[in-house]
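Across the two complexes that follow, chain A remains constant while its partner is chain B and subsequently chain C.
And then the complex of A and B:
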């Protein structure tokens, strides 16, 4: 019930934010920080000990019993990690939203997106899962379209339609699952627990027509791959990240990128094996190509935002890879557990790292008026704290040991090697490129001779510095004590494998 | 043929509406203010609505003589038609200044025709009620006499009469091969050439009124040219009459045809949706854009026929019909509301650009219109989503995967033009200060429709309440 209370509070906050007008900025900041604290308290209470996989905090409110429409919630260890991520991201996004630049509607959109994210993570009924899945898009569409860069009109529409088409395929899959469940068990239900249970049931799946089975799997996987995004369906990503205002970019990179990963590991993970070896091989291929291709693309970007957008997509390639290789591994259990937990850990930490990177770029943009690498240079001289923090974010993003990014990538490499063999070359190649352009960008933008055209700039201090430091410390802690997230995630994965 | 006096009670709503129509005509001599006529008409609608509800709950369903069947299916649509008529009664006041008594009398007579169409299962009665609706709307369409209105009303009239000819031709073939005009109990219909000709001609005839793809062109001009509340009525009430008649004729009357006939309806639906959505993409005239979207929505409605044709007698067919019923209800408010929103723009033929700055001028109104547009696009938290949800569910259930995919891609295309309107509304500044007429009478219908559209999302069980009535399309109880 605590988690339901948090969800309702966030939803109400969106309403209050628009009513308050002038005070909405301070209200949103306070409200989102309170939400974060509440989520952390909830996690400590429920997940610090005694969690052994599965879903806890389950509540069912029947809305239409005869057809199985319930407002049904439940939280897994993985969803809880993402809930904490969501809390952090939105608190930070509200923090960097300057009240002089944005009207109260912006704050409402931020809180609405957060409500959608939380609702999506806790929903255990497919109808509501889909509703929240779509609902997240609408406020983000408005954030990009109203406050975005010069190409906002086209880009916001592209973002919405691209992801909308993908999620609609998922809706069809849900329908198909619903219909076939009804056909076999004579029960109408949208409850995830029952439908997903059926998909793990051999008698149910073997009675499914082949085409229906692949239709269902395709709809889910396609929707999630677009959201990640993975290689051939990534066209919306860079434009949206670039054109969105900075709070929007932070939300996109930090929170929304976790949606696809949550879909893969939180929804279809229990029956991922049904995809079959051929399909899983394709997924592995997509993951590897994503890692290598996005790294190469990122290397040639001039805009810091675009570069990091591709870097973010490359990290998500690890997630696809982790998902697929968890089922391919011939040894099963041990390796599968490592690689799956690594994938989930990667999803959660990636958001926090992206938050640090994009928030630092935002402050650089504020100080210098540019976020393009060629027009920066040597800003370490005048802004050592800011530069160091951005460097910290970049190092975490490339996977430096000791920081959070390393743990996920390392487990994925170790765990997936038995499954993919020497194809791992692609992965290593991608990581090399990733390391090189991260360092190269830091060198060009932060160090070296100062670009005198920028004039005198000041370092950050006070609240922004504290916020960035806090995020960095979080990354550091997760790098040193990954068990904070790894514990519940592994329990969740272990419960399934 | 005998007339059972027990069934007289079922005709009270129609009598009330008809009598009110004549009273309004008679009062016309006194040249009262328009609002008086509107109030009389509204009162008649309310009384008829209550009477229908009472009959539905108090008296057992009843098969009257000669093809009038008073079942849940009929009652549902009869109520829906009254809602569609009542919905525009007050908003129409704005532009119907001269001779308003004729307008309201016609609206009442049209409603009588619509209710008869909801209950009738005889092709002759259906045809006559359909004509009553058509002739009434020809007159309504001509109101607010500008050159453009007259032109559009004329266009509507001529295409309408052509459609009538097609229907009569189709009816005669239907009679030739079955020997009856009744739609009840045709089990042994076979796919003879006569029957297929009847199918084609009846589709063309009723398709004109419903504005489905190759018969839609008049609708674009007419919806664009007529007064806003009239466009709203033409695209909801009169279109839904055609939809109900098509449901009855093709599902009950042609029940024995081979299932491959579904291909015919599938093609019609796909062509209608795709053509209308793609045309709407490049429209700059706001009312024409809404008109194209209205055509596209007709395509979704036709999907019902495709499912029923493909999987007759299954649960999927029932779901499809019930989804069509739910869709019709939501449709009245989202499409009618969208056309009535045009009232706030002072220009006669508004372009998309003319709605710029509404978000700043009146955030509430912009939000309400956005909700209506989101509903048309089928985004969650609106009734439009729920209606599409069940419609697509029935497609998947019936096994028409490919059609579901096409329909869904279409609904994704439609997002482009609905969102474009929202884009102008929120992110562009208006050019002039006085381009909007934000009077209370213009706002209320918009707020009301938005509210209803959202409320319809939260009534999940409504679909399952009307599901048992879906079988009534065959004229059973």
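And then the complex of A and C:
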């Protein structure tokens, strides 16, 4: 019930934020931090010991038993890691939202998005899952469309239409699954537990027409791939990240990027094996292509925001790869376990890393007036703390050991080898390019001779410094003691594999 | 006792942020704190050396998935930690003088403490993943320290080059680990644990198959090649000279380039039990690098670059010693480790004396403008002389013993292989490498020390205060006397070690080569003969000057001609793909004029529709609910 309370509190906060007007900024900041603390306390209470896979904190409120609509919640080890991520991202997004620049509606949108995120992470009923999935999109559309950059109108529409079309496929899959379940068992239900169980049940799936089975799988996978995003359904990504205002970028890169991964590992993971070898091979291919393609594309970007948008997509290529490899391992052994857990860990830590990167770029933008690599240069001289923190974020993003990004990537690399064999060269090539452009960007923007055109700039201090340091320390802690997230995630993965 | 092992690397690790923060308040504290923390590491290593006897320490805990973290200490690790902590301590002490004036001294000392700690971590790790973690932190620290003078454009790009080139090696290493892991997980509870791997090496080889294990070890060797700057991934190290000289000393002697050699020595049983090609590759690359970079060192005019190429070449001797272990057995490890330790002493000594000279000459690194410094800086240059004779392998200095043993053993390698011609190559490369070593060393030394000063700065150079030379004297004393401990060192690592010998004629040949090298070096380095050489139009000389065009191959051909156009093409495609997506979207929206109204507020309307649909569903549910 604690988690339900948190969810309701966040939903209420959105309402209060719009009512409070002048004080909505401070209210949102306090409320989102309280939410984060509550989520952490909840996680410590429920997940620090004794969690052995599956879903806990389950609550079912029947809204309509006859057609199977329940307000049903439950939290897995993986969802919990993402809940913590959500808490961190939105607290930080609220923190960097300058109250002088944005009206109270902005703060409402932030809280509403957070409510949607928490809702979709805890929902165990497909109908509510879908509603929350959509609920997340709408406020983000407004954040981009109202407060975004010069191309905000077109870009926000593109973002919305793109992801919405994907969601419709998911909705159709849900309805198809719902109907076929009814056909076979004569029970109408949207409950995930029952529908997912049916999909794992050989008698159910063998009775499904082939076309229906693949339609269901395609709808889900397509929706999640768009959301990740994966090559080639990524066209919304870079523009949205670039045109969104910084709080929006942080939300997009930090929290929303986890949605697709959550879909893959949190929803359809139990029956991912149904996709079949050919389909899984395609997914592996998409993951590998994403890693190399986005890395090469990122290398050529001048805008740091755009570059990191592609970097984020490249990291998500690892997730697609991890998902597919977990089923391709012929032995279903420790390899499948480590690759799946690594994939989930990657999703959770990627958001925090992107937060550090984008928040640092935001402060660089504030101090220098530019976030384009060529117009910066040598800013380490005047802003050593800020530069070092951005460097920390970049290093974490390229997967430096000791920081959180490494654990996920390493697990995926070692665990996916049986599935991909010597295609690993492709993967490693992508990682090399990734390292190169991260370091290149750092060298050009932060080091070298100072770009005197920038004039005198000041370093960050006080609360922003403390915030960034805290995020960096979190990344460091997760890199050194990954078990904090890895433990529950592995227990969840072990329960399924 | 185990507690002490952990603190060997934890002490500088913890000291690093403390030095940074304390240094912000009082900048002098930073150097003291990090030096003290490394002194603690050295004392703890000494304590373990005294107490360990013939046992090993192995302590590990679960980390994530089925991987563990922990410490593993045997004699091999112990020799390494003693060397690293001692040499690093000497360098730190000298750095308190060398970096005296630098306004970011506290950052420097925080980073060097972290650097040392990471290297100690590499040595003590009981698991290959943890080793890889520290391995990468070593790389990171070298990146930060090479680029320490970040405002110099050369420094920033050298740092980048070091990071990316060693990253190439690291990726190879990670592939090796991935194959090893996926072949062993399931069979072993902790598949990447070093003690498990080395004590079950033959079982591992039987399980994986020697050929596949050979491939794994080749990938791991790739990582070692990157870190230890062996051909063809050595190109980062001469550029890395842009960092402070004490950093070069750390990288070359104590904390970085030896990591690759150590990695191979650490899991040597895996190499032995894999197919024989893997150690042959090690031997060949090592021996080839030894002579290859020897030929480059003598055309360099930058004192630090000469030393950099000499490091590459000397590490080649260690690699070759490991590689010939494929036939002569684990004695190869002992030979390599002895060379490693001796090299650490004299290379640290050479870099630190070079540092002292650079301070006296206002950071002038060009050999062409030195000369006659022996008379002006007698203490410093005498210490450099000790370093030089050790490097050149002249008795009684320890280099004579360490390299002599490797060359003799490589002859035994050839003999034991049944006089197989391919196995003669290591001996040829190493023996003639000795000639080049002696030659470039004494060319450099003569250009520094002999003759007349060739610049105003050189004329007015003075020794630093004697007390700052104390760490250098300690290193010099060890470089001179360490030959005495040669056999006990070998026996400490490998109790079954027995010496190798080569025919007297061949040994004499090597001595003659060294003697010719020294004389030729002095001949070229004095007078104006080096100048004539330097301005010659000789094509071969130009090839050497351009480092066999390998750097150009990497930057021009691979980076500029392949990667950048590829990246450009991809982002061009990406741009067009984006536009195509958008225009499709526009076309669809434009299809019906009825949509035009929706286009303006598509989402607002959608939101209302969503709520309406939800309401209708619930309504239907309520109505139907009764009937179903």
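The rule is short, and it goes like this: the second predicted complex is superposed on the first by the 497 of 497 C-alpha atoms of A that agree within 3 Å, B and C clash if a C-alpha of one lies under 4 Å from a C-alpha of the other, contacts with A are read in each partner's own complex, and residues count from 1 in each chain.
Definition applied: contacts are C-beta pairs under 8 Å (C-beta built on N, C-alpha and C of every residue); 3 or more make two chains touch, one makes a residue touch a chain.
On a predicted model such as this, the values are computed, not experimentally measured, just so you know.
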First (chain B), second (chain C), both or neither touched by A:235: second
More chain A residues in contact - chain B or chain C: C
Which superposed partner A:130 touches (first chain B, second chain C, both, neither): first
First, second, both or neither for A:269, with chain B first and chain C second: neither
Partner chain(s) touched by A:323 [first = chain B, second = chain C, both, neither]: neither
Contacts of A:440 with chain B and chain C, given as first, second, both or neither: second
First, second, both or neither for A:157, with chain B first and chain C second: both
Contacts of A:69 with chain B and chain C, given as first, second, both or neither: both
Chain B versus chain C as contact partner of A:179, first or second or both or neither: first
Touching partner for A:246 - first (chain B), second (chain C), both, neither: neither
Residues of chain A that lie at the interface with chain B and also at the interface with chain C: 63-64, 66-67, 69, 131, 134, 138, 141-142, 145, 157, 160-161, 164
Footprint of chain B on chain A - complex, ascending: 63-64, 66-67, 69, 127, 130-131, 134-135, 138, 141-142, 145-146, 152-153, 156-157, 160-161, 164-165, 168-169, 171-172, 175-176, 178-179, 211, 215
Touching residues (chain side chain B, partner chain A) in the complex: 316, 374, 379-381, 385, 389, 392-393, 396-397, 401, 404-405, 408-409, 411-412, 415-416, 419-420, 423, 426-427, 460-461, 463-464
Of all residues in chain C, those that touch chain A in their complex: 62-66, 129, 132-137, 140, 143, 147, 150-151, 153, 156-157, 159-160, 163-164, 167-168, 171-172, 174-175, 177-179, 181-182, 185-186, 563-564, 566-568, 570-571, 574, 577-578, 581-582, 585, 599, 602-603, 606-607, 610, 614, 617-618, 621-622, 624-625, 628
Footprint of chain C on chain A - complex, ascending: 63-67, 69, 131, 134, 138, 141-142, 145, 154, 157-158, 160-162, 164, 188, 232, 235, 238-239, 293, 296-297, 299-301, 331, 333-335, 337-338, 341-342, 378, 380-381, 395, 400-402, 406-407, 410-411, 413-415, 417-418, 424-425, 428, 431-433, 435-436, 439-440, 443, 446-450, 482-483, 486-487, 490
